[in-house]
Structure formats: C-alpha cells, structure tokens
Amino acid sequence: MGVHSYDIRVRYQETDKFGIVYYANYYVWFEIARTEFFRSAGLPYTELEKKGIYIVVVSSSCQYKQPAYYDDQITVRSRISAVMNTSFTFEYEVARGNNLLATGKTVQVLVSKDRKPVKIPEDIRKVIERRA
Amino acid sequence: MGVHSYDIRVRYQETDKFGIVYYANYYVWFEIARTEFFRSAGLPYTELEKKGIYIVVVSSSCQYKQPAYYDDQITVRSRISAVMNTSFTFEYEVARGNNLLATGKTVQVLVSKDRKPVKIPEDIRKVIERRA
Amino acid sequence: MGVHSYDIRVRYQETDKFGIVYYANYYVWFEIARTEFFRSAGLPYTELEKKGIYIVVVSSSCQYKQPAYYDDQITVRSRISAVMNTSFTFEYEVARGNNLLATGKTVQVLVSKDRKPVKIPEDIRKVIERRA
Amino acid sequence: MGVHSYDIRVRYQETDKFGIVYYANYYVWFEIARTEFFRSAGLPYTELEKKGIYIVVVSSSCQYKQPAYYDDQITVRSRISAVMNTSFTFEYEVARGNNLLATGKTVQVLVSKDRKPVKIPEDIRKVIERRA
C-alpha cells in the first residue's frame, strides 16, 4: 500500500497576515513528506545525492479545502501513485486529525548533477515500485 | 487581452542546494504577479481588504520547464482566464527573456474576514472581466 | 537552569545555492525554540494570544560558527537569560551533536493586539522567572 | 559616503499572522541590499562566484523599531562600515518614507568553494574601500 505519514507542527513563519498558512508552504510540506517517505524506504535522499542523482520536480499541484493554522499538528500522508520510465508521481493528503485540509500531487524526474535526465536506476525503481 | 507583466530579480534566499530556485517559490511569484495585476487594474489588494474582502487560493498548479537561477531577471506574465460566480482563475507564465521557465494556474475565491465565501461584488467583477 | 532543547531536521527549502542553510533561517529556528520553550513551561503561545497578548521581537542577533547542511539533525537549546520590566531575553545554541553551529539572542516585549506594550502579567512573569 | 539605497515592496508571503513582516525576513532584505550594493559598485555577486569566491555571513543582528506591513514600499539603505583583513561589515537602515523601521548589521568573510577563508583580493578590496 505504501502510504507514509509524517507529522509536522505549523510554524509561525508559515502563517500570513490572513492568519492561515500561506498557500506556497504546502509544497514545502510535500517535499518534507517525500524526503521522509524515501528515508523510511531505506533510501535517504542524501544517499541519492552521493550517487550523483537528484530529484527535480517537473509539475506540482494542490487543492486547498480548509485552512491550516499556527501551531496546528498536521499529518502529511504521501504515496507514490505512478511510476513511468523516467518519472514518478507522488500524491499527498494534509490532515489535522480527521479533517482533510488539502490534497496534492507532484511529478518528479531524476537528473544528474548537470541536470540531464537519468533513467530510474534499478535499485531505486525497486524501492519506488515496492512502495507504490 | 489583459496580460500583465511583472519583473522580479531572483533572490539568493529563493535558491536551494541544487543551485536553482526552489519549486515552491514559483507560487510566491504568482502571488506577487496577482497583486501587481490588481494594482495595475486600479484595485489594489489593500483596498479589497479595507472592504473586508480577502482572496483565498483554493487550487494551484505549476509546470516547471527550465530552472531559474540566482540573480536571474525573470518576468511573470499573468492574466485572468476564467470568471465564475464565486471564483476566478489566473494563469501565469514565468520567462527569462525568450525562455519560458514555467507555467501555472491558481483558482481564487473571495471570502469575508471570517472566511465565509462572498459573491464577487459588481465593481470587482467589472475589473476582473475587463481584464479577462 | 531552565535550558530547553528542541530537535529540528534541516529542510531542503532552508538551504541555498552554496549548499548550506541560508543565514536568515536560524531565526526561524530560534522562534520555534521559543515556542517549544513556552509550551514545555505550560504556557503555549496560542494561550497567550487568547489572552490578547502577543510577543514581539525588538532585537535579534546570531553568530555563525559552522554551516548546517540539508537533512542535518540539529538541536536548538534555548534559555531565558534576562527578565526586565517589560522585556525578556532569550539566548540560543544551535548544535549538530557536539558541534556548536551558531549562537543567538533575541529580546522580546509583550504587546496587546493593537501593538501597545504591556507590562508582563504576574502569571507569565512567574513562568519566565522560574525558567530563567 | 557610499550609501546605497534599494526599494522593496513587502510581499504577502513575508507577513505573519500578527499582520506584520516576520522578523527573520529583514535579513533577506539585508542580503538583497548587499547584492545590489555590489552590483552598483560594478562587482556583481555572480561575478565573484565565477572567480570561486563566496561571501559567507559570520554574524548578523537587527533592531526592530516599527513594524513593516504588507504592500509597504520600503527602502533599505546599506553601507560598508568596516573593512578588516579577511572580513567586512555592512550596516543597514530599513525605512518607510521618513519612518525608520529597523537597523541592522552583518559581518562577512570571503571563502573558497570548499569554504576555506580567503584574504580579500586586491580588486575587491578596492571596491569595498572605495564604497566604505
């Protein structure tokens, strides 16, 4: 099934003058969820970088359903919903307890240090597909 | 019809360790472009807030085509592509000279201070539709 | 002694193109450490706000000794080092294991919702002085 | 005297739930002011990086006198107030019209790509001292 959950406390810095979390910050949370997803799969992102492989987001989206507030304890659930030849898709749910606050999606490709696309290596593909 | 252009210099703080602009920051630029769009239409966002009207983003998306780098002079082009009963849609293009770096879209609703949806007032609708 | 420790994982978004944590982000960590300091003292910041009391920083400083990197597990130690009539001072240490990365200081005042200075209420003073 | 002025429009993202600019963001503005200071001196920071020279902040401080608000047009004045053997000091004033909002200071050293301190090269020293 491969859904990974990660808890985040909303920072004061993440709020805006309307008193809610600024809309771009959900993407920061998505990135943290991806990082922790890979760490829990035994493939920390820092290890990928040592192999000269970098993850670049080529597409991102978010639907905002209810606001998140300062100091909220929120949960970001992430899963890999698709694996293609050179890209893979993450989907996310942001919740506060039973309240779904937002859903999102990002598509990633792997690139080398000079930003050339890289075919997903077999060991990484195994991890991704196992979790998908 | 009604395309507004705004120039932004990429900040050091907006880059990440991969040497390019962090993906969430494009949404910050979209918000700046919306702000300047309304200002140029004679409807500054601070005026809306004085009327007790706030703009809340309910959906956002971005496609990243080429990276943006530190100190780049970029242009964000924004236009209103749809006006519904209670919501309206912005579309964006981020470019460095002739290079298209990213495209994006956000959907907004108007709400009162207590975050209740508000039908788009006639004077605002006129501005929005004139620019759309 | 009243030193409070809080662990933070460095976010990708917090790094810059030089590959280290951007210098302004240490102040975000200081703010998180203050928040958790008060929470652990039984005085969560959200409770203060319900009483109409807000904490405003009037002065901040940081000395950077060693860089922090992406994905580092860092510890922020915070303590109240001085309590005056209307202000109090926090001091911070940012460490990665035994490596001291940075030290910092912030001075805060209490204000009402309309940003008028407020004498530190007795119950808050007790908490602050107990921890100092 | 070598004071450089740079105008910045306050972004929505820079505000917090108290309705004012979040305190760490002044340091982002200081960094922009330094960047523009060097650009105006004919020594853009991107040129420094091409020579393999990076500027690292070793100390920063800010005194907050009045809040800055969303959409404010602010001016950041910067000047080099001291040049040492391997470091130099910037001082800043943030103002909205005639209102001084904040003052600040940063100390920088030059380092190579592997973060070793570098003696200030003669051509850079000339620029810095001319402006100091």
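We call the chains A, B, C and D, going by the order they appear; numbering starts again at 1 in every chain.
One rule holds for everything that comes next: contacts are C-beta pairs under 8 Å (C-beta built on N, C-alpha and C of every residue); 3 or more make two chains touch, one makes a residue touch a chain.
Computed from a predicted model, the values in this text were never measured in an experiment.
**Q** Which chain pair is joined by more contacting C-beta pairs, A-C or A-B?
**A** A-B
**Q** Which chain lies the greatest distance away from subunit D when centres are computed from Cα atoms alone?
**A** A
**Q** Give me the rotation angle that lays the C-alpha atoms of subunit A onto its copy subunit D, rounded to the nearest 5 degrees.
**A** 180
**Q** Using the average of all C-alpha atoms in each chain as its centre, how far is it in Å between subunit A and subunit D?
**A** Computed value for the inter-centroid distance: 33 Å.
**Q** Determine the centre-to-centre distance between subunit A and subunit B, using the mean Cα coordinates as centres, and give it in whole Å.
**A** 23
**Q** Please tell me the distance, in whole Å, between the geometric centres of subunit A and subunit C computed from their C-alpha atoms.
**A** Here the centre of subunit C sits 28 Å away from the centre of subunit A.
**Q** Multi-chain contacts in subunit D: which residues touch at least two other chains?
**A** 12-13, 24, 28, 31, 70
**Q** Applying the document's contact rule, which stretches of subunit A touch subunit D when the two form their complex?
**A** Residues in contact with subunit D: 12-13, 15-20, 22, 24, 70.
**Q** For subunit A, which residues are in contact with subunit B within the complex?
**A** On the subunit A side, the touching residues are 18, 23-25, 27-28, 31, 54, 56-65, 67, 115.
**Q** Quick one: which bits of subunit A touch subunit C in the complex? Just the residue numbers, please.
**A** 11-13, 28, 31-32, 35, 44-46, 70-71
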